[in-house]
């Protein structure tokens, strides 16, 4: 049994942005040379999320719209009265709440060198408070 | 350390349906003969979900009702303007969004041959766009 | 490859309460003496949740408020007509639904003896129907 991980850097371009990570995950799995086991994709941020779903451009717009609707921005949040040590106000409570709904990681079984996604499943990284520089961990454990 | 998995086929009968997988997961764990480690249950679909909660019939109805309320069907979605190669329209954006809220996998610790669920915890597969034929992976990693 | 776990007892003090588990998880990882692998934190209850986000007091209030808003208490739930064997009514469907939105576990990569959290990430246990006595599993798998 071996353990492998790689840190992935992502630069996001817009406030809410969905990035398809599937090919990146496949590449890291291949590099790991681990054939059977488990893959954990983990974001290191509190205003981003990860999920598995279908890559259809209309649906991606629906996901962005839904996140914006289910956690509205134009209201009072306690977090917005907080100032970081550098004097910046934290005006992104809605991004944190959206991040909690999505979750910070996905875990996928690996068999014969392939992640066991269904035919329509893709792995998405979701930027919720961009544009920013972000980091992910892709970890592979197995034989 | 060993790795074991089994593919489980499920035929769902209604549009939104909650299926208790707990006994199936226990059976696969027993077959694996792995006593200590981790169990990952993973759905291969983008309009289904997995979760862990209590099996009480009234509560299961509340879960179905809540999913239907929190992601309404009677509105415009971009995904509904998409046509698959076979000419079918994609009229289930709401099922994808519910799937994202639930998540595609659950990961449970295993000790002495038993999944470490609490006394009221059960593992549920949730069909969100049935009836359909579905596939799950139950993976066990450990000793 | 080794497998280690520890059961953690938590007494909660209020109905909805967010408890920062990060130092507890770090302590258990250190005790395990496992340096590289994966950590799974798992709650054994159906009216609690786990998530990873930022520990800022205003934001924690926003999380509590958001959970209370997104799953309202003052409505009819089928679960509330259910009586346990001990005659207590189940008047907490909203706590179960909030629990499902949060999820029952978090899985974090471990490298060189450190959980690979980002600089603002903390691991939270969320009580949704307290005050109660609760149990968590912190499991570490690796070398």
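Just so it is clear, A, B and C label the chains in written order, and each chain counts residues from 1 on its own.
Here, a contact is a pair of C-beta atoms (placed from the backbone, for glycine too) under 8 Å apart; a residue touches a chain by one contact, two chains touch by 3 or more.
Treat the numbers as computed from the prediction; the structure is a model and nothing was measured.
> Copies subunit A, subunit B: same or different interface, half of numbers shared as the threshold?
Under half of the interface numbering overlaps between copies: different.
> Superposing the C-alpha atoms of subunit A on subunit C takes a rotation of how many degrees, nearest 5?
For the C-alpha superposition of subunit A onto subunit C, the angle is 120 degrees.
> Based only on mean CA positions, could you tell me how far subunit A sits from subunit B in angstrom?
20
> Of all residues in subunit B, which are in touch with two or more distinct other chains?
1, 38, 70, 101, 103, 107, 141
> So in the complex, the part of subunit A that touches subunit B is made up of which residues?
1, 36-38, 51-54, 56-59, 61-63, 65-66, 70, 101-103, 106-109, 111, 116-121, 141-143
> For a test of understanding, state which residues of subunit C touch subunit B in their complex under the given definition.
Listed in rising order, the residues of subunit C that touch subunit B are 1, 3, 5, 38, 40, 42-46, 70-71, 77-82, 90, 93, 96-97, 99-101, 103-105, 107, 135, 137, 139, 141.
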